[in-house]
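In the two complexes that follow, chain A is the common piece, with chain B as its partner first and chain C second.
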Partner chain A sequence: MNLPANNLAIKRISASAEPATPGIREMPEIAKLVDISRCIGCKACEIACKEWNDLKVEPTYNFGSYQSHVDLSPDTWLLMRFNELEIDGNLNWFITKDACLHCEEPGCLYACPAEGAIVQYENGIVDFNQENCIGCQYCVAGCPFDIPRFSKETRRVYKCNMCIDRVEAGLEPACVKTCPTNAIAYGTKDDMLALADQKLTILNNRGFAKAAIYDPEGVGGTHMMYVVPHGDHLPDYGLPEKPVAQQGAMAALAVFKRIGAYMFGAGILATALHYLAVGPESPDSDNGGG
Partner chain B sequence: MTNHWKDIKNTDVILVMGANPAENHPCGFKWAIEARDGRGAKLVTIDPRFTRTAAVSDQFMQIRPGTDIAVLGGFVNHIIRNGLFHDDYVKLHTNATFIVGTGFGFEDGLFSGFDEASNQYDQKTWEYERGADGYVKRDYTLSDPRCVFQLLKKHFSRYTPEMVARIAGCTEDKFLEIAKTICSTGTADRVGTIMYAVGWTMHTTGSQNIRNAAILQLLLGNIGRPGGGINAMRGHANVQGATDHAIVAGILPGYLKVPNPSQTSLQAHLEDSTPEPLVPDTVNYWKNYPKFMISLFKAWFGDHATAENDFAYHYLAKPPGDATWLSIWDAAYQGKLEGFITLGFNPLLAGPDINRLFKAMSRLKWMVVIDPFMLDSAEFWKAPGMDPTEIDTEVIYLPATHWVERDGSFTNSGRWAQWKEKVIDPPLGVKSDTWILSELFWRVKELYEKEGGAFSDPIRHLTWNYINPREPTLEELAKEINGFDLKSGKLLSSFGQLKDDGSTISGNWLYSGSFTEQGNMMARHGTADPTGMGMHHDWAWNWPLNRRILYNRASADKEGRPWDATRPGIQWTGKEWVGDVPDYGKTTPPDKAGAFIMTEEGVARIFNPSPFFPMKDGPFPEHYEPVESPTANALHEKVPNSPAVHYYDGVEETLARNTKDYPYACTIYRVVEREHFVTSNVPYLVEAMPDFFVEIPEELAREKGIENGKRARVWSKRGSVEGVAMVTKRIQPLKVNGEIAYTIGIPVHWGFVGINQGAMANLLTPFIGDVNTRCPEFKAFLVNIEKV
Partner chain C sequence: MRKNELERFNYGQRVVHWVVALSFLLLMFTGLAFSYPSLTWINTLLGGGAAARVIHPWAGIVFSVGLVFMFFMWVKSMFLNKGDREWLAAIKAYARHDRERIPPAGKYNGGQKIFFWLQILLGIFLLLSGIPLWFPEVYGSGLLVTMRFLHFVLALGAGLFLIIHVYLGTIAYPGTLGAMLWGSVTRGWARLHHPLWYKEKAGH
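On to the complex of A and B.
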């Protein structure tokens, strides 16, 4: 099994019976914290992501929005999503950084049948290792956040790797480095949680009574978290209210549930659904994006 | 900026108006966010659109484009009516106490002294009343009906919440809600700041917008204080530097004045330009004008500038007209201009009424375009719709270095001159601006020397003493700008050392102290902050004299104690001033002189009658409708527009004066993904904001059958553009003068050169400018719209 040649301790490997190698040293869990109340939607992070990761320029078009792309793609791992809505008669312009959240319980990894195609490191980064990817797209279905994107060209799946090469070298991810308003913070998960609490207090003092920290339990928490001013409007930010990662066989069944209809026929789907009825709550495919 | 970027973190209230810093100044805007989150400051945005700045603001109010003075005047009225002004500050640091002569008046939209034939004011009727001692009379009780305070009160009493709502289109409740926040800083323990940009300047009343902001901030006691001020955010990394070095028409470097034809001797010019004190206790620093001017002549003409020849004063042109941008374009349009050189600028796309500019450019014999990128301006002759066979203009394009390919300084909005290093080499064969300009100089000079010619002295006698005279280094130029003592040969450390006897030189007195015997002050990288106020005096260098906050004497009271001890600007120890570099004598006791050392009044002007720094359109601001307006002037129907606006020949017929054919207000602006036109060459930025678009209120789109993401056409009396329709809630219909008014928004970044093309916004804009500066009225004009 070929794995990326970095020095990070591995926690989980997709489709592997082997326990993860324990690693050779203690490593803090890291996290990004996106404070939506500080984000001005300038897209500097979007471009820094492309520059650092050598992602191709895609032809885009204006579809009646400030948003640059309609959706994430194999060459766009980070997308600022724009959404206008009125709350209590006041206009809001929700601007959300959409990219991989690096779940503690990664649905993509659990769903992946290709050994070593998805690796979770002890520090929390979930990375796709395209060398081992078989292009089955189970990860796409397994992700409760609708993040991974399949390239028809290379027949592999891609997403944010939290600038693992920078992180390994002790640097912050490119999006964090470039953010002009310090809307994206980076540090240990513990520090980021503490910072999130402070930010929550600031928002409460500013009159955002429903402000919330987004670190959803259903996926064991994430390594990109959000501080959300209107915590009662998560779907309007493009954030699923109760995302859940399916583990083990359940992950595979969840995949069948989502893509089975056209791959395996209605009969098999019905069986899968029957199994699922007694299992944990399944991800709601409508909650992705925004 | 009176203050500087980082200082914004010290504020309690931020008014963003005539600006969209989240969009156009995202890095500096972090300090507004820092104030909001760090000290609970209220961030308030007032704009014709709900912008990305509005998205992170605490309060937002939408107004109709071109109604800023109505709103600001409304704040002034609210403050006075409710006694919310900073009483001690107003009496101590402003001319509220000054008595104005009996000649001053204001009636039906006109100030006294207006001459209808010339469309100009005689400012004599605005003069102060003098006492027997020759100084201006003052009333510290503010009760004299002719004191500035009472005149101000009367003038703005018409700006009631009802009137503001009627003009600007907001509701009275919304206005009062915003006014409550903005007008809350008139106490010693609170301070508010204003962040503005070209959303205020690009109006026929642009200068008065800024004046009104000054009045507001002076009433609230917010000028000179950390966390206060009026902060102009400049549109490029070095616009401030360019302005300081006289890119603005009508000035020489350091805001010295361009001579006019009546000033036939240096003496006459200096007398006209050097103010006399109006009160006994003013420093009146402009009394040093002759020192700055003569040192500038010495920098330019060296040994050829002598007392005998008026220090080469006669080498300078004394133009009868102005050389504003509109006037240059007009001269070209009228066929009176042979050619021009443009450098670091894309004038075609950045000018108003592009169809007119096409004609103007076509009438030039030659044009030189110097830029790192091929520009629309250089290829105007092959723009869509142009016929190259009909254009005789010879265009010469000279590729020049980009700023990453050179060292040099950038002066940011906060007046900080920061030295930068060269990052990469230019492409082979590409020359620096200094090489190009030096070669131009030498070749013209050599031609004069070979062939002779009329009045060649100014060229032949120009000083050009550089190690490599064919390409001076920017360090050499920086030293020359800083200035030398000619006797000792030493670099000066302050403009206080400049002399009017020809023994000193300085290319720009404001920059004296930037490059001293201690080295290049602009290249310093010290991060210490001993004041704790984010002043960082060891980081780079700012004019004047590394003083981080202008007028900082006003941050303290009569005894020199800071208004707010937790946020001191400077304070008097009994022996000297400590804190920021004082805008006052370092050891001058607090009661010895007025805080505003640059004015002949010694205090700040709420009312401006100064002949040295005149406002051509009135000593107070007044709401005038944009020249193209969708509604009547609710204050004075007979004088709808600013009466002193200049109409160039043939322009009146290009203006829409009825709302039947052009019913909607339109405004143009930039977006964060792009920077003017240069970013049409940057693939990732084109990807981030790919297409020209038109922002349309939902209600108007419904009325016109325009769908989001489909196409719409917008036209003014001058031109037409087509692009993607962005149907949005972020521009709401407003109720103006009892009728529904719509605003349409258009970004400015597209042209016909570069990897990404789109409609040119300035095809729509009117060829009309601010009364004082002739800055074009890009921000408010009339259009119509249809679906495509």
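On to the complex of A and C.
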């Protein structure tokens, strides 16, 4: 792992009127690469995630699936999803490592109205700062992958932070460290893209003609990428085919707000000027008539 | 009600008005703080952004209920008549305080009536656009984005009208605020600003 420690220069800050201070240090983008074909479904990564991040254990129950929890939650930031599907008479397991993809264009961050509640670092990690979070849940709607989860208890939103405290120290995320089959690789984004290409060739040679890399353009690419054996079945993995971040609409809203602020100021100024021009209007005498 | 003054709003009307007004101000200030991070301190004063996020929608419910009461207590007197249309046509004279050219107003002038209808309409649409923002996880992101635009524009409109309303109700026309505080106005005030109502009220 030749990644620098203390690699957390900030790139984007939610709802900030000013952009983040540009840094001069050259820091590579990092990425996880999840090779679904190598996953044996052991869920060790789920446990590692809970342990490293000190997340509460949630009681689980058998709901007829190999999956541990029904859904992500404020206490479950990583969920291996299992979807069983028959293709050409053969039973297939569609496994997805459901967790934040750390989008290059993060829909959550663009949707967030609270300054500094969501930040994106130069290395690609998108992190929620609960101390600035107001619990509006706009990020939940803004995320094209349905990742952030709202806690009714704390009224804040939570999700995978790519083990930012480990990455900062030059270590790989806990899920990567623990995976017994190396199904989750970690390194610079460039290295991971090259590795993805190799994996794709291997899968193609093994007969998975439709194998694909999942690094969707609509969100500028992600810092958790997948190699999936059945690239023609993305929805069966729970992966949207064309996720978008709506940064355009959010930029337009920001412009609206600027204009709104000026209009509001102009309104107050106009009344003040009107008062200076014509003054108050009172009856000439207040006790006449009747 | 002060001695020798004419009653303008009874107790119930004043309470309804101030429930609507105070909940609106709370909505406006928390809403401004949500919209402009440089105003976050307003929400900090109210217990922090997360507290403001809880307060805002409930204040919206209080405002909406108040608005329903306001609608039913005033709607009968708020339909525009011929005199109001003449008044509105002469709005420039009103702005210039050109007394000779302002057509006589009844209990409410054309501008006040328009303000009433605008606030009712804006209130309805603010409520409708606010509900999806209250429960974003239930509504898709497409609808949410649209509603954020709509809610913002409506709130801006309501805020701009409120600036004018507060200005006219306070410093522009001294003696007006009393109508909403203790419920009565002087005879001189009534004759100047609402001559037709004055005639009716004073029995001339």
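One rule holds for everything that comes next: the second predicted complex is superposed on the first by the 239 of 290 C-alpha atoms of A that agree within 3 Å, B and C clash if a C-alpha of one lies under 4 Å from a C-alpha of the other, contacts with A are read in each partner's own complex, and residues count from 1 in each chain.
Note that contacts are C-beta pairs under 8 Å (C-beta built on N, C-alpha and C of every residue); 3 or more make two chains touch, one makes a residue touch a chain.
Please read all numbers here as calculations on a predicted model, not as lab measurements.
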Output check: A:Ala9 vs chain B and chain C. Expected answer is one of first, second, both, neither. What do you get?
neither
Would you check which partner chain A:Met27 touches, where first means chain B only, second means chain C only, and both and neither mean what they say?
neither
Touching partner for A:Thr60 - first (chain B), second (chain C), both, neither:
first
Just chain B (first), just chain C (second), both, or neither: which does A:Leu171 touch?
neither
Pick one for A:Leu193: touches chain B only (first), chain C only (second), both, or neither.
neither
A:Ile87 in the overlay: touching chain B, chain C, both, or neither? Say first, second, both or neither.
neither
On the A-aligned overlay, A:Asn132 touches which partner chain: chain B = first, chain C = second, or both, or neither?
second
Which partner, chain B or chain C, is in contact with more residues of chain A?
C
Name, in rising order, each residue of chain A that touches chain C in their complex.
15-17, 107, 111, 113-115, 132-138, 140-142, 144, 150, 155-156, 246, 249-250, 252-253, 256-257, 260-261, 263-264, 267-268, 271, 274-275, 278-290
Residue set of chain B touching chain A in the complex reads 22-23, 26-27, 29-30, 33, 36-37, 40, 50, 52-56, 58, 60, 671-673, 683-693, 708-710, 724-730, 732
Using the touch rule from the top, collect the residues of chain A that touch chain B in their complex.
37-44, 46-47, 50-51, 57-66, 68, 84-86, 91-93, 95, 180-182, 199, 202, 205-206
Per the touch rule, the chain C residues reaching chain A in their complex are 4, 34-38, 40, 43, 48-50, 52-54, 95-97, 133, 136-137, 139-141, 144-145, 148-149, 152-153, 156, 159-160, 163-164, 167, 171-175, 186-189, 191-192, 198, 202
